Structures are given as C-alpha cells and as structure tokens.
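Okay, so chain A shows up in both of these, paired with chain B first and chain C after.
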Partner chain A sequence: MKKTPARLILIRVVVIALAMSFTFGGVAFASRNVPPTPETATLTITTEVVCDRKMKEIEQLNWECSNKDLLDNPPLTSGQKYGKIKYKENTFSSGGTINLYKDFKVDTGKTPNLEVTKNIGYTAACKKGSVSHTEGVGMSLKSKGCCVYVAAGCYMSMTDVQATTETKAQITQTPEMHYEINAGRLEGPGNPAEGIISASMSASVDDEHKGLKLRYKTTVDGSFAFYEVMDFKP
Partner chain B sequence: MKRAMGLIGAVAITIALMVAASGVAAASWFVEYTSAKQAVGTSAKFVDWESSSEKPTLAFGKVATNRNFNLHGYTSKWNELGLLPTASCDEMNAYSKLHATDVQATTSAEVGITDNPALNYKIDVKGLNEGSMAKGRISAGMNVYVVGDPVLSYEERSSASGLFQFHKEMSYTSKIATP
Partner chain C sequence: MREEGFIGAVILLLSFLVLFLFLILPQAALAQEGTWSHSSPTWTITYIHSNGSWNVSQNHSHSYAGKNLSESFAHYLYANASRGESVILDTWSVLPASYGSQLSTGTAIGYDSLGTEGQLTTREGTVVGFYSRDFGCLDASVGSQVALTHGIGHSSTKVEKGIGYDFSSRGKGSVEVGCDAVAIGNAHGTYSQHITANGEFNIYYSADISLRANPLCPFGSAP
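For the complex of A and B:
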C-alpha cells in the first residue's frame, strides 16, 4: 500500500498495469469458469444527469450462478462450479455542478458479464462543495478444492474533477476482471484534480496444492492527475 | 376591493387551467395497453392485468410540459410505480418521482410477461427551452429480484435536486436458451 501525503506532490501520475499469470497454468484457471445457465438475464441502465445542487446515485448488484442446483448450496458436490459477481456504487455531490454519464450492462450469458463505464465531471461552486464516489466490483469462483476471489474498486472525494472509470468482469468464459480509472481536472487532460483518491485490487486463489494472495492499493491526496489500470486474467 | 377581485379572478383562472391540464395529462398517460383482465383506477394511475397475447403486454407513455400555473409553484408532479411482471420467481419494477417547475418531461414504459419477461422504462426531463434545465427534484430507479438459477438481485436509484437535466433508460430481459 502506498500513500502520498497532501501537497507534497502537485501533480501525481500513477500508471499501474497488473496482470497475473498463475503458476498452475492459464489453461487450468480458464477452465474454472461457470458455464452460462439455460435462463439468462440482461440488464442495461443508462443514466445522464446534469445538476447544479444535489445529486445522489446508488447501485447494487448481486449475481450468483452454478452448473448445478444453485439453491442446494453449499456444500459443493463433485464437479459443481459456483460463481458470483458483486458490484456496488455510491455517488453523491453537493454544492457544485455535476455532469454524470453512466452505462451499466449485465449479461449472464455473454462476456463480459458485467461492463460499466462512467464519466463524472464536477466543479465546486462553494467552499463546502464536493463530490464523493465509491465503486467496487468483486467476483468469486468455487469448486471442490478451489476458491478464487478477486476484487477491485476506487474511492474519491473531490472538489474539481473529470474522472472516467471502466469496470469489466466475467465468469462464464475465462475468468477475468478489468478495472481502470482516470482522474484529472475539468479543463483538459494533464491538469490536476483536487481532492483525495484511492484505487485498489485484491486477489486470493486457494488451490489444493497452491495459494496466492495479493493486495494492492494506491492513495493520493492533494492536486493530481491519476491513472490506474488493474487487470486480473490467467 | 379591486385587488381582492383580481386575486379571486386569478385563483379561478388557475383552478380552471389545472382542471383542464389534468384532463389532458390523464388522457395522454396511457398511449396503449392491452390486457385480458384490467382495472384502471382514477386518472388511469393504476393498472392490474393477468395476461395477454399482445406484445408488449403493457405499454404506456406520458408527456408533460408545465410552467408555474398553480399557486404553490410546483406543477409537474408524479409518482410512477408498479411494473411488476411475475414470471416464475422474477420480480422487477422501475419507477420515477418528479416534483418540478419549468419542466418538460417524457416517460415511456413497456412490460412483457407472456413471452420472455421484459421491462423497459425511459424518462427524459429537461427545461422548457432548448438546453435549459428543469427546477425541482427527481428520482428514478429500478429493482430486480430473480430467485432460481441464476440468482440475481439489483437495485439502482438516481436522484437530483436543484436545476437539472435528467435522462435515464432502464431495461431488463430474461430468456431461456433453446437447445
């Protein structure tokens, strides 16, 4: 975990590409996906808001699937696979103008099973004006003798910012997760944003013979441009 | 005396405008609906249905354009809720609540339960003039609960107050893959 104290660095650019290849082989890990269920569901939500005072948005997704009877879980039977994707988001702005665009898609039959893109522009109109945004995605895959859990997300509390985030997760094909965040100031790329921001990813893989645990978090406080990409794939 | 008469006249005109406008609004709330069994409540604000061979099972839309024409300054006010197709253990609803002045708003909803369960809801709210913003408050969201395989729960809500432009489209479909 890294933390940059306020005002020590005026402009901070963080670029992280995190790709994990497991020692037990990409092919073996790819086969830990949960095949799509006969009944599939799609959800598409598009939101565009421009607001000069208060804006609030909450969102929560929980999706579970299995190649056998899901309602009879646990314990997992031999050959049974279980998968889960969770997503949570909170955005709140006051005392300024926010311009929010969000595109949220879930498809339980096609990959990526979850795809979210978001664009947040905010300018404070008074001293107490700010926007806060929390976003988190997690996915877990379980079968007898193996458990995989991956999570990524960000938190920001800003007074001036132009930020974009991109989230992708899939479990019905080769398990993968992608999280990307880019935050700068409204006037254009390269200019600093004001506030505090953090982005993180954690992964845990427990196999019958091997184990892997990873946690990574970057936090920046002050004026900055921030770019972080995190990928989990075999 | 003249002032009092003027005030009474203004109130009378306002009431007349409100009655006339509510009639138009009520008439335009339900563009189209088909159902085998239905119950339509006061001002067509409530619909109950069992089944239909038509697609979509239920569709309606609403358009409202208002400027301060009542005494309290809030004119365009609705609370739309109740899209609950129940196929197996699926339950979903989409809604919007609007309380605003100087507003132009459009909603549309489509629900299907007889084929693949589907729910589409759209709301677009802005100011009366091109590029202008509405004033007041709004919230819109969607809830989905599916119990079976897969298990899916989803909740989403956006709200804004002050001057705003608001556009939201929400869509849910479910289908069973043919072998």
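For the complex of A and C:
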C-alpha cells in the first residue's frame, strides 16, 4: 500500500478578498491624493531569468512627491500634501532551476503609479535546494491633520513552486492598493506547492476625529495551493 | 551650351552647399546653445576576434551644457579573455538631437573555451547625468559583468530624455546586470535592481527610464 507522507497535507487557503470601506466617506477620502507633479518619470523594467544553480535578484523603489514645495516641514500646513510609495523585493534561489519573469512599471503621472507582475517557477534539484522570495509595497499620504498608510506583501520559502503575484498602488488619484498572490506546483494549477508562505496587508487612517487600524496576515506551512487577494479601496 | 554648363555648375555648387549645411547645422545649433565636448570621436567601433589571450580597457565620455539643459554621458568596457575563441564588438556614438544629445552604445560578446580552462570576463556600463529645466533631473547607471566559459551576450543603451538599456546573455558561468537611478524634480525617487546568476543561465533584462513634461499637470508647464 502506498504511504502518504505526513507532510503532504493539502491545505487550500482560497480567496480572501479584503476590501476596506471606511466610515470617513468616499468623497473626503478621495481628496487625499497628491496631484501629479509638472514633470513626470516613467520606469519600465522587464526581467527574465532561467538559471540552474544560484540566482539572486534585488529591487527597490522609493518615490516621494508633494503638491507644493514643502519648506520648513514638518508640520504640514493647510493645503500641503505629501505622498510616498516604497517597494522592495528580493528573490534568492540555489540548488535547483528557477524561472523568473517580472514586469515592473512606474508612472508618476498616471495611475496606477506602481504596477508589478511576477511569475516564479522553481524546482529543487537536490535536498538543500530552495527558493526564498520577499516582496513588500507601502504607500503613505499626509496632509494637515490626516495620515493614511497602507502596506502589503508576501514571504515564501519553497522547494517546489509556481507562483504569480500582482501589485498595484496609486497616490496621484484616489489612493488604492491591490495585492494578489497565487501559488501552486509547477506541474499545473491545483497541484500543491511545498514550503512556507505568508501574505499580509495592513492599513491605518488617522484624522483629527477618527482613527482606524487594520492588519491581516495568513501563513501556511506544508504542502498547499494558495490564493489570496487583498484590496485597499476607499 | 555655355549657359547649360554654367547652370549645371551652379546646381552642383548649391547641392554641395545644401549637403554642407545638413552636415554642420545640428552641431552649429548646439554650439549656439551651449558647450558640447567629448573625450573621443563622436562614434567609435571596437572589434576583437581572437584565439588567444587579450584584454581591452576603454572609456568614452561626453558632456553638454546649455541654457536649459546640461548632460553628461560615459560608457566603459573592460574585457579579458584567456585561451579559447573569443569575439567582442563595442560601439559608441553621440549625435545632436532635437533636445540635447542622443547617445547609443552597444556591446556584443561571444566565447567558447574549446575545452580549456579559459574564460571571457567583461564589464560594461553606461553612466548618465541629465539636468533639464523642462523635464527634471536624472542620474542613472546601467551595466553588466559577465564571466563566460561558453556563451554569448549583448547589451545596448540609448539615451535621450531618459535612458533605455537592453541586456541579454545565454551560456555557462556567471552574470550580473542591473540599474541604479535617481530622479529629481518636483517629485523625487530612487530605484535600483541587481540580478546575479551562476551556472547555466539564460537572462534578458530591459530597463527604460523616461522623463517627460506632464501636459495634465494642474500647475501648467515646468517652472
């Protein structure tokens, strides 16, 4: 009789849609964006790597903007707005074959201001082989008496995986964030991946009268198919 | 007959004059705006094909300073081959453009150790500084470092109101490629990406960073 390994427990954490609605009111919240600056920049980065031994990839972005020259700050005075988007990602693989595809786009004048899609496939070729991946995106908006902060990301350490992620963030229109991750096995959708994975989102909104804090995190360890989508929309 | 000959001579003279104006006008236009200088000819091509050991080291630079724009470009290539069969082609060119200058660089390499312990190592990159009243400022560097026992590689850079870099390599050995950029205007940002791969690899990398004036801007044109 075929023995089922104890580790091979199929865990499906499926579809956690996190839509945050605030009691602050949509119109008031939507006005908390930072308008596009006179000159804008676009970044379009495409990365494709296939490697059978060791691979390391590190990427980071830090973008700040304001609607006026913010001299003698803090504190912000009436009518002054400040926005920031941060992104950091690193991937490291060894002892196996990795197939990485990534599209990274920034447009400081159009939304979404940040858009990243990624596909990671990995199969270990030896016992010590693994891939680790960390990704995080954060955005903050500040004006006099108001502060909005949103962050999302994932961590995974796997021996066999086919994973896709999608990240979107914007601050020059109504502030929004979207983070989505789907992880399974290489052989096809629905098959379980091996390892540990976690995904999280946190948000805080503070103004003169109200404050809201929210944090959500899922961690799965073992053999699993994993899908999670998290949205921050006012 | 004499009249026809005279007319022919005038047409020929005018043709030469037009050609001459086409050749010198872009440089002349730039010269009126600012200072255009470069450390080497405005275009160069380096080609090496060898079955032995060799090394090459070269740097090119260009700078321009005008009323509303200043820019500086630099491109470098260092390469070393030991045994095996190797080929390398490196190009650099700078041309006056409608707004500042246009830089184009290209590097292509190929190597086969032919069963020896040899390898080809190359390091190439481009560094750009772009300071404009209309579009903002950009400091960026792109480049790669490759050590091949067998394989090929290609990179190209184009600079005009930003920077575009394409790199691809396939083979055995190790490769590093990446980009660093700082953009400063009314907003400012930093960006970096670095990739390293060891073993048998196939890598494609493309980075495009563009600056533009924003027509949708509620404040109108740039200060």
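Operating definition for what follows: the second predicted complex is superposed on the first by the 221 of 234 C-alpha atoms of A that agree within 3 Å, B and C clash if a C-alpha of one lies under 4 Å from a C-alpha of the other, contacts with A are read in each partner's own complex, and residues count from 1 in each chain.
The rule we apply is simple: contacts are C-beta pairs under 8 Å (C-beta built on N, C-alpha and C of every residue); 3 or more make two chains touch, one makes a residue touch a chain.
None of the values given here were measured: they were computed from a predicted structure.
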item: Clash-or-fit label for the pair chain B, chain C on chain A; value: clash
item: Contacts of A:136 with chain B and chain C, given as first, second, both or neither; value: neither
item: Which superposed partner A:95 touches (first chain B, second chain C, both, neither); value: neither
item: Which superposed partner A:63 touches (first chain B, second chain C, both, neither); value: both
item: Chain B versus chain C as contact partner of A:35, first or second or both or neither; value: second
item: Contacts of A:47 with chain B and chain C, given as first, second, both or neither; value: both
item: Residues of chain A at both interfaces, chain B in one complex, chain C in the other; value: 36-66, 104, 106, 108-109
item: Touching residues on chain A, where the partner in the complex is chain C; value: 35-66, 104, 106, 108-109
item: Chain A-touching residues of chain C, taken from the complex the two chains share; value: 134-136, 138, 162, 179, 181, 183, 185-214, 216-223
item: Of chain B, residues touching chain A in the complex; value: 133, 142, 144, 146, 148-177
item: Of chain A, residues touching chain B in the complex; value: 36-66, 69-71, 104, 106, 108-109
